[in-house]
Structure formats: C-alpha cells, structure tokens
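Take a look at this one; I'll ask things after.
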Amino acid sequence: MTPEERAFQERIDADQKIEPKEWMPEGYRKTLVRQISQHAHSELVGQLPEGNWITRAPTLERKAILLAKVQDEAGHGLYLYCAAETLGISRDEMFEQLHSGKAKYSSIFNYPTLTWADIGAVGWLVDGAAIMNQVPLQRTSYGPYARAMVRICKEESFHQRQGFHIMMKMASGSEAQKRMAQDALNRFWYPSLMMFGPSDKDSVHSAQSMAWKIKINTNDELRQKFVDQTVPQAKYLGLTVPDEAVQWNEEKGGHDFSEPDWDEFFSVLAGNGPCNKERLQARVDAWDGGEWFRDGLMANAAKNKNTSEEAA
Amino acid sequence: MAYKGKADNGLFEFLLQMGDNCLILGHRNSEWCGHAPALEEDIAVANVSLDLIGQTQMWLELAGEVEGAGRSADDLAYLRDAFDFRNLLLLERPNTDFGLTLVRQFLFDAWHLPMLRGLMNSTDKRIADIAEKSVKEVAYHLERSTDLIIRLGDGSAESHRRMQDSLNELWSYTGEMFEFDDLNPSLVAEGLVPAAAEVADAWKQHVTAALKAATLSLPETGFIRRGGKDGIHSEHLGFLLAEMQFLQRAYPGASW
Amino acid sequence: MAYKGKADNGLFEFLLQMGDNCLILGHRNSEWCGHAPALEEDIAVANVSLDLIGQTQMWLELAGEVEGAGRSADDLAYLRDAFDFRNLLLLERPNTDFGLTLVRQFLFDAWHLPMLRGLMNSTDKRIADIAEKSVKEVAYHLERSTDLIIRLGDGSAESHRRMQDSLNELWSYTGEMFEFDDLNPSLVAEGLVPAAAEVADAWKQHVTAALKAATLSLPETGFIRRGGKDGIHSEHLGFLLAEMQFLQRAYPGASW
Amino acid sequence: MTPEERAFQERIDADQKIEPKEWMPEGYRKTLVRQISQHAHSELVGQLPEGNWITRAPTLERKAILLAKVQDEAGHGLYLYCAAETLGISRDEMFEQLHSGKAKYSSIFNYPTLTWADIGAVGWLVDGAAIMNQVPLQRTSYGPYARAMVRICKEESFHQRQGFHIMMKMASGSEAQKRMAQDALNRFWYPSLMMFGPSDKDSVHSAQSMAWKIKINTNDELRQKFVDQTVPQAKYLGLTVPDEAVQWNEEKGGHDFSEPDWDEFFSVLAGNGPCNKERLQARVDAWDGGEWFRDGLMANAAKNKNTSEEAA
C-alpha cells in the first residue's frame, strides 16, 4: 500500500466521505463506476417490466400510483447517472456499455410481469430486496453515491408499501386474484433471493469492496435478513413461500431456506433469461429511435449559443 | 349532434369530454414510459400522464355525480365501449413517432389551458374547483411542449422535418376542439363553460406565435375531422380500450 | 409440472395444448391479412389461419367435453386468462417481420404434422378423428412453409439473412415442443398420444433437410425456453388475449 | 367511326364477347383498365376494414367466417388483376398507380369499421351494393372481365347473406347489440348509396361505357334497386333507415329516398375521408415492407433457372 492509499483507507476507516475531486485509487473508482452505473441501468431497465402494466392498470388510482412509481425509477436513474458522472464517465458512455452488453443491470428485470399481481410482487419483493441492499449504502464511502442513496431509499420504501398493498388486495380478493397473488410469489421468490448475488464464499470482489465501504454487508447476511422479513409478511397475506424448507431456526435466530438455483442465475446473467433480449432491445430501440430528438435539441442549443455570442 | 342529457343541461356530456380527453391522452403518453428518447423525457411523459390521470379522476367523478346513476370514475373509464367515449380524435392517434406525440401534446395543451382558465370562472363551483386544481399542471404542460416544439422545430433539419410532418398530419384534427355545437348552448349561456371563440382565440394566438418561433409553417388545410365528441372514433380507440379495460372486463366486480 | 387433471388422465391439459397452439398461431397469422408482401401471401395467411381456427374449434370442443364442466370451445378460447393457456411460447412471438412469421410457421408445421400423424393412431377415437380431419391441411401448411423457407433461404442475400436471423431468434423456443414431461406419462403409455421421441425424430429430419436445401445453418444453442405448457407465458400473450377476447368480456353472455 | 370501330361496335351490339388478343379501340382498353384495376384495388383495400376485426371476432365460428371472407376478397383481387393484365398492364404497374394515388379504389373503404356490427353492415350493405353493381357486369362485353364477375358474384352473394346474418344476430340481441346494429346502419347507409356513383346526369363517361357494354345500368337505376331491396330488409331487422324521406312511392313503383351528401363523396374521393391516409399507408407499408420477400423469391427463381439451363 502506498502512503496515498494508506491515507485514503484511513479516511474511509474513520467514516469520512470521499468527494469527486479528491484522490482515490483507480480500483476504487472503477469498482464504483461499475456498481453505480449497473445500479443506474437497473433503474432504467426496471421501468420496462412495470411499464408493461401501466396501460392495463385496473383502476385510475392504481394507474396513477404506478405512473408515479415508474417516474420515480427514472428519477433514481438520473441521480445515479449523475453520481457516476462525478467519477469521470459520461452518461452516453454508460449507455453505450449497456447497449453493447458490456454493462449489466439487475437480472431480476429479465423476468416478465405476467399478471397484475406481479406488479404487487415487484413492489413487495423486488423493491424489498433492493431496499435491503440499499439502506446500508446510505453509509457508503463515496459522498455522491451515499447522498443519492438517501433520496432513493426514502422513495423505495414507499414503493414497497404500495406493492405490499396490491398484494394484500389480491390475496384477500376473489379466487382468481388469490391465485394470481400466489403465482406471482411463486415466480418472484427465488429471483428475489438471487438479487443479493451468489453466496459470499463464491463472490470475488466482496472483500475489497467491503474494506472500501462500497459494500457494507455480505450477500448472505442481506439475503437472510430479507427472508426473515418476508416470510412473516407472506404468512400475513395468507400466501405460501414456494420453499418447503422454510422454517424458523431458533438456534441461528433466523429462517432456514433453500438456496436459489444458481445455474439459473448464471444462465440469466449470460443472456438466457425470459426477457433479456427484449429488455435490451427496447432500450436500444428507444435510444436509436430518439437520436433525431437529441440531435435536434443539440442543434438548437448550438444555434442559440451562436446567436447569443453574436449578440454579445 | 349530441347533448343527449336534456335533464342535466348537457353537462354530463361536457364532463365526459373533459375526462375522456385526459384519460386517452394520458394513456397514449404512458405508452412511452421507458421508451422515450432520453431519460428526462421518460420522466416527463410519466409526469404528464400522471397529471392527466389525476384530472381524469376528478372530471369523471363529477360526471358520475351529475349523471346520478351511481357510476364511479372507474366505472366510466373502464366499462364504457368506444362509442360512449367523447375524447377528441386527435388524442387517440397512435404514437407513430415521438415527434408526433409532442406535437399532439402541444396542440392539445394550447387548447387545454385557456379552456381551464375559462372553466375557473364557471358558474358551477365544482367545475371551477377542478379547473383551479388542474390549471397549474396544464400551464406547465404547455410550457414544456411549447419549449420542445420551438427547440425541435428550430433544431436540426431532421427534427424540423419531423415536427412539420407531424403538424401537417395532425392539423385536420384540431378543428374539432372548437366545435361546441355538440354541446347544449345553454352551458355557455349560463356561464358553465366558456365560449368557443374565447378558447379558439387564445389557442390560435399561442400556436401561431410558437410555430413562428419554431420556424414551422401553419398548415393550410381547412378540412376538419370530427366525430370524437359524438362517439364516432377512429379504428384505433377500440384497440386502446381493449387493452386498458382488460382487467375490469375479465374480472368484473373485483376490488384492486 | 402440469397434468393437473388426475381424473381425466391429463387429457384435458393435452387437448388445451393442441387447441391453444392452433388458436394463438391462427391469431398471429391473421394479423397479416391485408398486410402481407404479396396478394398470394394475403390469401395464404388467411387460409392457414382459417384452417387453424377450424382445428381450434375441434380440439377445444373435445377439451370441454373431457373436462365435463360444460365449457364450450368459445368459453375456453374467450374466457380464460393467460395463465390458463397452454400454447407453446414460440407461437405467441409478435410478428416483427414476415420472415419471422414464416420461419415460425415452418418450425411449428414440422412438429404439427408428425404429431397429427401420431394422433391418427390414438387409442381415443375422438382424437384420431380430429387428427384425421386436420392432417391434410397441415401437410399442405408444411409443404408451403418448407417451400418458402427453401426459396427465401436460397434467395437473395437479404432474404437469406432474414431467414437465418429469424431462425436464430426462434430456435430456443423449439425445444419446448418435445418436452412431454408436463403430460401425464400414461397418455403415451396408453397410446393416446405418440411418444415425444417419435415426433422429435420426424421434426429433426425434416427441419435438417429443409435448412440444408435452404442453405441455412442449424443454430447451435442448446438453450431451451419453456413455460407455455405450464401457463407461464411471455408478456405478449396478455395483450393478444385482451384484444382477442374483448367482445366476449365486454358483453358477457351475448349471442353473436 | 372507322370501319374497324363500326365492326367492333356491331360485335358488342350482337352480345359477342371481346377477347384479349382481338382488336379493340384504345378508349375501350383504357376505360376497361381503369375500371377493372379500380375494382381490383377495391378488393385489395377492402381487406383492411374487415381485417380490422378478425383478431377481435366474437366467436371462433365468426372468426372463421370472416377469415374466409377476407381470403375470398384477396382472391377476387387476384382474378381481377389477372383480367386487367390481359389488357397489357402489369400488376406491378397497377400497384404503382394505387400507391401513388393515381388509381382509385372504392371510397367506401375509407370509412372505419368501429364495432362488430360494422362487419355485418359491410356484408349486408357494402357487399349488397357491390353485387348490385356486379351482377349486370357478368354480361359485360370483355370476356375475361365477364368471366371473373361470374365467379365473384357467386361468392359475394354468400358474403352478403353472412353479413345479413350478423346484423340479424345483433338486431335481435341485447340492447347494446341493437344499438351497435342501428349505429352501423346509420353510418353505412349513405356511403353505400354513394357506391353507385353520382347521378347519371353528372356522370361523364357513362354514355360511351354503356354503348361498349362495360357499364350495363345507370347509377341511378342501380341505386334505386338497392334502396328497394334494402329498405324491407332493414324493416325485417327492426332497424330504421337513417332517412326520414324513405317511403314507398306507388306511382314510380319504388321507394323515395334522399340523395347522399355529394360534397362528402367528393371530399372523401379527394382524400379527406376518415381513413384514406391509413388505408393507402397500410398498402404502401405492406408493399415496401415486402420488397425483400419478393426479391428473394425472384433471386431464387433466377438461380433455379440457371441451374436447370446448366443441366440442360
């Protein structure tokens, strides 16, 4: 460790925030760019599975709530792209990495939303898991990232409550609605558990990231916490978690549960999920189809700049 | 043609027009969520849709109250077929291009704002209240859509072309906005609704100035497409409603 | 996974698969009516759809009979939501391109024909009868789609590219055809349904030969998409059904 | 009149059929090409308003019937393009005239089909009017056209019965269905009357066409016949023809009725109908989008020709 690196680590250990123009190790910068941009891409792509039900929301109120939520997600994307930009990468570069497949987004968004209950399940489980990941990141060492997380977490917990409320309506509704609710839980349970990433023992970058306080908890800790929070909620809803191994383990003070199918996880990550191709294609189409729009605005800005320079 | 409800002074029909305009345009905008040309636009289309759906709730709730048959805003939104919808034909045009979506929004906003300003003086307090609640949102919609029309009209050759093409395509749908003869004349006479000419003047003034700033030409056709306010829609509305209403139709009476 | 109906030996599920395949593919084909690349193709897509809708009626009628709950073919077609549909995921893919439509038809026909030939020997006479009635139509479908695949694969550079792209895109959806483990094994054991391997062999042989003649390469992915037969569909099916079922949903119990 | 022209006219007067390779006046050929190709285009474009309801047909049986009908229409188009081709114009040339707006198709197809009852009304009224126009054309002087008409008329009358049957179901159905049926009649009545063309006194080409037996009856004769046939059918259905002037006139042995709004007719003809733009765009898109398909087949045919020549 160079003296610079040592001083950097000491500041982190003392819970000081690192700010954009300060010195940082290249690895720290790179890891952060990867992590923040991946998170930003997830917000961007995350609009799609929920957007899929906006035009079919069952009541005007549900439609309004869902619109507000999808709007929030785009907003989160914006905060996060801005946070990443403070590290010296442009939003266009990040988009390029997304569109070329170089950058990833959360694999959960490669699963389809097939019924209205899925919109509930996404809020309850997916946002629930996201919050579990994000709450500790409010204390992450990089200032702009930590501050973005504070704003995001506030809104996400609101989304989670809305999702749970949809599930409550469905689970206490007609037989068909109950069936949709159970079916949504069945399909989203394991993919939600996968959102915390593979077990720590198989996770390469974890130790360094934790030392840098880019990552605060281990994947397994967070997964356990999520299961412990979610199992009683499912019971409250009258739904069955699709894992017969789930039961309270007094000794460890948490629930036992089955690991998700990690082969599926890696297969989806490799591009073979139900919607990978469509999600990415939708983003590429939006970007390519919108080129004229962005170019038009730039051309206008250039004209105005010339005009004001001439006037000056 | 219309003002069927003699008893209610044609008010029900008018409220449906207001509510259906918001609902259908909100729907079309929302189709862009996650697919817009820039993240800022994703946010904007969701935001405009959200405002419009909120306004839909208010107008249709009042419509149901005026009708007095116990229909809620959701009943009116989800359980009418196309021929009972009263929105302008303009608003159900498909989103063939984001430029067309923007031009449509602009042409509608420029009508919507003076309409709401007129309605703020309605002798019916319920109407004035809804207009009051909506007017700030719509002023912002118009500010945004006007700004974009100007920047894209006076932008690149390509963005100029797209704006002009969309304007030409949509122009014949604008006349319907100012035809109030499907409304019971007493609505205007009694001061519930502003006079058509008042709204038309404000629209024309705003649109003319904005198009000039945008270096776009005013299309010259005098041809007016009509029918939306009489429930004679385009072939597009049926598909839109089939999608929008699916859950309420497939699971009647369920609570969501 | 499936074969829920223990009492009926899983036959109901199987009949739904047959009927839903015909219904959904018939629907997708019919979307081209009036929009196909040549008048002869307009005629052909309408004709294939017509055959498939006719077959849908037979399969779903028998399904309703086997279920014994009084549901007609129309009830099954129009009043089930997506998770009760049992069609292959392949068949609900949107018509992004006429080439994709043709390749899908070819991949399905090459399965459909040996399947029906197997079913002609079913120990259930009702099944054998439907297969008998359908087999000539499907033999013609396969003849046509094979001919087009070959001519367009071995056509221009552009038509070759489109065929190959469509093939690559759809290949991962073909494996689901040969997974009979969602069926009650006794269906095969008792000779109601042919063995999966029998159909798979015929399919592979036909497809391999045709692609060779078409100068197209067999895609190499071993990845298999599944879910259709368990009612876990893509996001596309819900939209398709909202459109298809609108009238039955909006006007329940009406006679047409 | 030249001797050739006189001989030609004498053959026509003697009810002899003119065949493709025989001599004919240029005006006869041109008028026929215009009329037959316009008729062919009408069949082609006529697929669209009905095709609009195939995916939403209310029962499997209705869907099958509608598919068969639209298929028949495409088939009629095919017969007619072939008949026109015998006059020395290619199908591609005719398509080009359609796509450029030079050639017309029946204006009735510029009206939208808005409810399922419209599918009934199109069969009952539009096919009804078409048959009224077409039955006499089975005796038209040009052989290939007359023979195409024989095949077409047989199928059209079948279509008309199916349309009437849909109307019967709707008119005797629920209140909503009755309302759709009446609404469809209201919207399609006058456009159907327009299908016979303007009054004979305003029709330029009529006299020559009648002498050539390309046209057999006057527009007004056919319109009267259509009204006389349709009014009792509407009454039978329990529907009201949207014209208060309709009543039986004993003296003339036919119904009195109001003229359609000819301003609307010419406005729609000029391109300002509800769907002109969409109908033409749909055809142009189909044609342009299908170019690769047609080129691919031609490339393949050329290869096979080369191969078989080499083999020979």
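A few points about this structure:
As written, the chains take the letters A, B, C and D, and residue 1 is the first residue of each chain.
Criterion: contacts are C-beta pairs under 8 Å (C-beta built on N, C-alpha and C of every residue); 3 or more make two chains touch, one makes a residue touch a chain.
This is a predicted model, so every value here is computed, not measured.
A straight line joining the Cα centres of chain B and chain D is 37 Å long.
Taking the mean of the C-alpha atoms as each chain's centre, chain A and chain D sit 57 Å apart. Annotation for chain A: residues 56, 176 touch two or more other chains.
Residue positions 81, 238, 242-243, 246 of chain C are each in touch with at least two other chains. Taken pairwise by the contact criterion, the protein chains fit none of the simple patterns, being neither a path, a ring, a star nor fully connected. Chains that are in contact with each other form these pairs: A-B, A-C, B-C, B-D, C-D.
Residues 44, 47-48, 51, 54-64, 67-68, 70-71, 74-75, 77-78, 81, 91, 116, 166, 169-170, 173-174, 176-177, 282, 285-287, 289-301, 303 of chain D are the ones touching chain C in the complex. Looking at the complex, you find that chain C touches chain A at residues 81-83, 169, 172, 223, 225, 227, 232-235, 238, 242. The residues of chain B lying in touch with chain C in their complex are 81, 238-239, 241-243, 245-246, 249-250, 252.
For chain C in complex with chain D, the residues that touch the partner chain are 23, 27, 30-31, 33-43, 46-47, 49-50, 53-54, 56-57, 60, 73-74, 77-78, 98-99, 150-152, 154-156, 158-160, 162, 243-244, 246-248, 251, 254-256.
Put simply, chain A touches chain C in their complex at residues 49, 52, 56, 112-115, 176, 179-180, 183, 187, 267, 272, 274-275, 277-278.
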